[in-house]
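Handing you a structure now.
As written, the chains take the letters A, B, C and D, and residue 1 is the first residue of each chain.
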Amino acid sequence: MAGSNQVLRQVLNLLTKGSGFDQMRLISGGDGKCQCELTVEEEHTNRGGTLHGGMTATLVDSVSTVALMTTGPGLPGVSVDMNVTFMKSAKIGDDVIIDASTLKVGKTLAFLNVDLKLKKDGSLIAQGRHTKYLGNS
Amino acid sequence: MAGSNQVLRQVLNLLTKGSGFDQMRLISGGDGKCQCELTVEEEHTNRGGTLHGGMTATLVDSVSTVALMTTGPGLPGVSVDMNVTFMKSAKIGDDVIIDASTLKVGKTLAFLNVDLKLKKDGSLIAQGRHTKYLGNS
Amino acid sequence: MAGSNQVLRQVLNLLTKGSGFDQMRLISGGDGKCQCELTVEEEHTNRGGTLHGGMTATLVDSVSTVALMTTGPGLPGVSVDMNVTFMKSAKIGDDVIIDASTLKVGKTLAFLNVDLKLKKDGSLIAQGRHTKYLGNS
Amino acid sequence: MAGSNQVLRQVLNLLTKGSGFDQMRLISGGDGKCQCELTVEEEHTNRGGTLHGGMTATLVDSVSTVALMTTGPGLPGVSVDMNVTFMKSAKIGDDVIIDASTLKVGKTLAFLNVDLKLKKDGSLIAQGRHTKYLGNS
């Protein structure tokens, strides 16, 4: 499992390079799931001092892709549809749990769900869904 | 108009600080619309060398927010829902046009649409929709 | 609880009148949740003999609205955003479980999630999210 | 063109059978587009007397599918993702224009957009996006 997590961490690093999430910590991963943690830094926020919507979407994209990659070999696929509903703001210093799970992996499409929660009380910050195409587009 | 564009450019800079889009160029803005241009750099891409899904979502978020801010004074609002459909990949070196327009501004909610297109042939890369709440959340 | 379920059933009837779901059975409801069951009839299907996408969306809309109404007094609100991801088809004769839960109720917005599953094996047919505005639009 | 419209009308009838939209009128169709008109009847409305959200989603689903079918031979495909943003209510007696256009048809996926507008003033009621899978699921 330690070895497996090391691979996941490398995957996560590759996927998030240049997106300002080098500080994302992998909590667990496997069986179609991936859970990460991030402390909101100033660079992740908009001018209101809260986690930027695009940053939230980037977390949905990246962590769900790692969750998908735990389901088997092959490419990570390409995004087809992604949606995010924002329920609560996360402020600088807040620890955010990003919890991705695979809803279904079919022959050509995969479906993933992501919950973002505040670590301190488990309240939902955002929920996203991500559809990926697994073939050669 | 030049003066107005200068304000928009400052708004855009504020909104995109830390998101890796400092190189975004404002083409035009006003009357609920905002059009920007970005050359895809390596830092915007995933390991496949194409524009990262989270980056696309960040462009949808930021440029639609600037479009909204041209409709009148007040806060930029907070995101409620955002979705993106990905139709084509954008590669390093591609010039991308981000075209945001305000669908409706109500008393408490605003609705925006964003088209991302390749500059060279006008083909759609992605389309996103963004709902913002204008009150005090 | 029997009395409470009777109220929910009346609410459900009101919400679904004319939408072809008079046969929807209420399993349970309360505390922001509502679970219903429907046997797919020919009138719910498209020409391929599977549950119509618009019908699936109608189930997401209606059952999440009943779930919301269990959280307290007041209007059912008006829809702001709704999305559905379709993962598997449901055929005529299939028993479908529609499971709605309230993610958050704020002062002016409410957020709901709905899972549609096949009763026989629990596999996901679709997942939807629904944002409602609670004020006077 | 009259002959072509007759085919489209038959397609529309097939797609909308049982969904309460037998009264939908085809305005035009072809080249990936389809425009229909519907007068809101009591059976399309929720208890507030306005067009039901699920009904709006059914219109998005059906009219975009007809628009897709004008692009060439083959199956209508199956729905993968659908979203609707609701901007304004439509009341009993209102004439609604449903305007669907194909954004892209690829080898295995097709992308469609639908605008619903009030006929009297052209104001947007709702906007939806629909992703369909064209292969054998």
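Here is the rule we go by: contacts are C-beta pairs under 8 Å (C-beta built on N, C-alpha and C of every residue); 3 or more make two chains touch, one makes a residue touch a chain.
Computed from a prediction, not measured in an experiment: that's the story for all the values here.
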Outermost chain relative to subunit D, judged by CA means, is A
Matching interface for B-D, options A-C, A-B or C-D, criterion over half of contact pairs identical, gives A-C
Whole-Å gap separating subunit A and subunit B, where each centre is the average of the chain's CA atoms:
21
Between the Cα centroids of subunit A and subunit D the separation in whole angstrom comes to 33
In angstrom, rounded to a whole number, how far apart do the mean CA points of subunit A and subunit C lie?
27
Going by residue number, subunit C touches two or more other chains at 80-81, 83, 85, 106, 131, 137
Please output the residues of subunit A touching subunit B within their complex, sorted ascending.
14-15, 17-20, 42-48, 50, 52-55, 57-62, 76, 78-86, 89, 137
In the complex, subunit A touches subunit D at residues 80-81, 83, 106, 108-109, 131, 133, 135, 137
Complex interface listing, subunit C residues touching subunit A
81, 83, 85, 87-88, 103-104, 106, 111, 113, 124, 127, 129, 131
